[in-house]
Amino acid sequence: MVLYLEEKLQYYTMDLEISHAALKELVVANRILANEGVVDAFGHVSVRHPKNPERYIMACSRSPGIVTIADLMEYTLDGDPIDQQGRSMYAERHIHGGIYEVRSDLHSVIHSHSHAVIPFGLTGAEIRPVFHMGSTMLGPIPIWDISDKFGDTTLLVLNMEQGRDLARGLKHGQIALMRGHGCVVGAETIKKAVMMAVYLEDNAKLQMQAMQMGQPRYMTAEEIRLCSERIGGDLAIDRAWEYWSIRAGYSDI
Amino acid sequence: MVLYLEEKLQYYTMDLEISHAALKELVVANRILANEGVVDAFGHVSVRHPKNPERYIMACSRSPGIVTIADLMEYTLDGDPIDQQGRSMYAERHIHGGIYEVRSDLHSVIHSHSHAVIPFGLTGAEIRPVFHMGSTMLGPIPIWDISDKFGDTTLLVLNMEQGRDLARGLKHGQIALMRGHGCVVGAETIKKAVMMAVYLEDNAKLQMQAMQMGQPRYMTAEEIRLCSERIGGDLAIDRAWEYWSIRAGYSDI
Amino acid sequence: MVLYLEEKLQYYTMDLEISHAALKELVVANRILANEGVVDAFGHVSVRHPKNPERYIMACSRSPGIVTIADLMEYTLDGDPIDQQGRSMYAERHIHGGIYEVRSDLHSVIHSHSHAVIPFGLTGAEIRPVFHMGSTMLGPIPIWDISDKFGDTTLLVLNMEQGRDLARGLKHGQIALMRGHGCVVGAETIKKAVMMAVYLEDNAKLQMQAMQMGQPRYMTAEEIRLCSERIGGDLAIDRAWEYWSIRAGYSDI
Amino acid sequence: MVLYLEEKLQYYTMDLEISHAALKELVVANRILANEGVVDAFGHVSVRHPKNPERYIMACSRSPGIVTIADLMEYTLDGDPIDQQGRSMYAERHIHGGIYEVRSDLHSVIHSHSHAVIPFGLTGAEIRPVFHMGSTMLGPIPIWDISDKFGDTTLLVLNMEQGRDLARGLKHGQIALMRGHGCVVGAETIKKAVMMAVYLEDNAKLQMQAMQMGQPRYMTAEEIRLCSERIGGDLAIDRAWEYWSIRAGYSDI
């Protein structure tokens, strides 16, 4: 499969002032999230512009599993496209802008309808790290309910006010559930955000099963602190990234 | 894989007075429903004839995952074939005719044994939208029990009287569960019917898990109204359709 | 993939006095059962010799998902090979011989560790048809416990006495669970046995989920009788067989 | 796919004084464990050096699903590489060294985050053989909690003291759960370890489901003894290995 046209690539690379490697990383992140079951036809992942913190890069309105470099667009934090070229845009892009605006420490954001987390958002049960790979979520995950501030809505985050409110819903953490909708994950890098999103889903699945068997023993705060530092290190992330990339069809990595 | 013979296509296109694009859409719908796990060896999808509301188009008796354009047949609402050409027919085609006859607002119908919905039909638990993608089902889903009117049967819908009764079982909605059997989904277009069928299954799965964890918070009536309008719009449906088509092998889209 | 050598095929065809089509059907059944998740590395399917009811045909000791025609062997009902040619044999072949001996109405037998049925065998909960496709099992499924007659064993059926006892455990039905082990399915034809085995697994899964939600409404005895006749007919079976064959790689059908 | 370079192979074969067949077996074990869902991006499998019991062979820090012969490294029991060649190493290699040191009867070790076993470790519920394929685990599986001796940690086994403690946690058995982490499986051979790891996962899944339905009937101690001898024999293991190898892409076996 030809994933992108080389000439197109050069064009976008110049336009966005981002290296080929950085753009490709974002494309691969899209494909991994689809291939590992974090996103389906919907959901999206973005990265803050490495040279301009007031901008971010994200695909046009296309399912993550089929995103290519030619689909990547540059946005202001308010969600305005720099060079739209007629492409349609994710309606919920304000999730990304809101978080980048409120949280200067976060440089990559994933929004998904990751299945195992949704029942927690619906029942108010708290997702907490139950196994070491879940420690990257750092602590119990807050549930953001759009109706708390905005009443009856589409449940979608459709403007910057809602995006900023969601960002505050992270409560200094990096993950929030969105009631009746899904979740949002923010991290320092794309690779780390993907790692967190994959294992958030696994942790939720395992916790749900354990809760049906009895009272799960959760990780202690200190275990979470020690383990997340280790698991969140480059060595672990790079090993997983290499594998997930190959599974998603990027055999040249 | 060659999906159809061009000459055959031309023949059928003329015969049915339907465009190539419309026929192909129905074939792709068949493939998507199989590939996304809504149907297995059984189940079917039809579309009302765009130029003759008293007719509909559906495959001959073949599993949706392997339907081609050459398998498409034209039927009267009573389920009589216009040009059978020796092909065997779905015994339950009266599901489709019954709904098209009773419900002039519906132009595409899917019948499936979609797994997650069946336990609801068996226990009388009500499927209700728990997450935004489930809002397309509009409200709680009625359960139609063929034995209410017809006593002990094969559970299959084998004649127009049963088909019409099922159509009335929709109760002005677009989805009904069929006790001990599966469900039926009707919509204005093929693409919308597929979207509803895919997310009905997801909603049922998530609701089932949430019910095991506690009392799920359901979407409010107003949230459902607002969200279904949005999710049911072309932008969302086209994004999903493009992705599902590619996953089902239609790389030329 | 070359599934068999033509010259080998001819040899076996002559040796077994069975048509190429019949042998191929048994090979395809092996592949379908693996591909549809009924068997894993273990499990087996046999057919009674069409010209000699005192013999049956089954693969040598090889996982069903990779069986070819060259693996097929002819056995006496006692499990003695007619022409072993050094091939190793399934230790549990007496399941097949026992059933063919005791039940002259059954001509194909499947033994599997089909996952969803095992928890029923472990807890004594009764599998009963909950949806129309499950009606082929005919009624509640008896649980055969090898320890009832043979005390502590390997749980495996390793001789004719055990095979005959299992056959009697069918209690005039066609399916029995084997406690702590799996199940056995017998039918008039290979295709029907495969159909029953696939939907036994589905029925068990759906029933398990429904039991967690409340009290499932089971099919009535009359519904089972009417529906099993219909579903067990050639039209339904041939539709499923065509699809499953193609999914398992037999695109020439 | 070219899995390794022949010249590299020759080099490593000489270096490690292990036959090509033995090295390939370890590579295939890596691939099978990934393909059958026992390991994901993380987890590892090793074999004791056949000519030097004070050494073991294991891949460098790479996901099992993409390990090749060129990734194999030789270690002392203390986890020091014999010839690192700049390759990064699994941080938790001391799991392997600890077990090989403490348990001279074990010659292959698998560490995984096998999903179904984790909820048992979290709730203290005991995994016990419920079906014949689970008999290879021999008895109830002990749960090793790293915090019992080491207090708050990363949960990872990062030094020999922890590795030896885990080895003692096996309590004369061959499997131990690791609370909040996964499990470890030790066996006499690579093939047997893989067999045990695959069916440990299945047994845990089936037991979990049975526990939700009622009180499972567990295998008796004598059934476990008789069955494990049989299932653990070469005939059963070789049949499964052939199948799993082919599924994992090793069609030349």
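As written, the chains take the letters A, B, C and D, and residue 1 is the first residue of each chain.
As a convention for this text, a residue touches a chain if its C-beta (ideal position, glycine included) is under 8 Å from a C-beta of that chain, and two chains touch if they have at least 3 such contacts.
It should be emphasised that the depicted structure is a prediction, and the values quoted were computed from it without experimental measurement.
Participant: Taking all residue numbers used at the chain B/chain C interface, answer same if over half belong to both copies and different if under half do.
Facilitator: Shared-number fraction below one half, so different.
Participant: Find the chain most remote from chain A, comparing centres computed as mean CA coordinates.
Facilitator: C
Participant: So how far apart, in whole Å, are chain B and chain C when each is placed at the average of its C-alpha atoms?
Facilitator: Roughly 32 Å separates the two chain centres.
Participant: Can you compute the centre-to-centre distance for chain B and chain D, using the mean CA position of each chain? Integer Å is fine.
Facilitator: Centre-to-centre distance between chain B and chain D: 46 Å.
Participant: Which residues of chain B are in contact with two or more other chains?
Facilitator: 212, in rising order.
Participant: Okay, what are all the chain pairs that touch?
Facilitator: Touch list across chains, by label: A-B, A-D, B-C, C-D.
Participant: What part of chain A is in contact with chain B in the complex they form?
Facilitator: On the chain A side, the touching residues are 41-42, 61-63, 65-66, 88, 91, 113, 115-116, 118-120, 122-125, 147, 152-156, 179-182, 208, 211-212.
Participant: In their shared complex, at which residues does chain D touch chain C?
Facilitator: Residues of chain D touching chain C: 130-133, 135, 202, 205-206, 209-210, 212-217, 219-220, 222-223, 226-227, 229-231, 235-236, 239-240, 242-244, 246-247.
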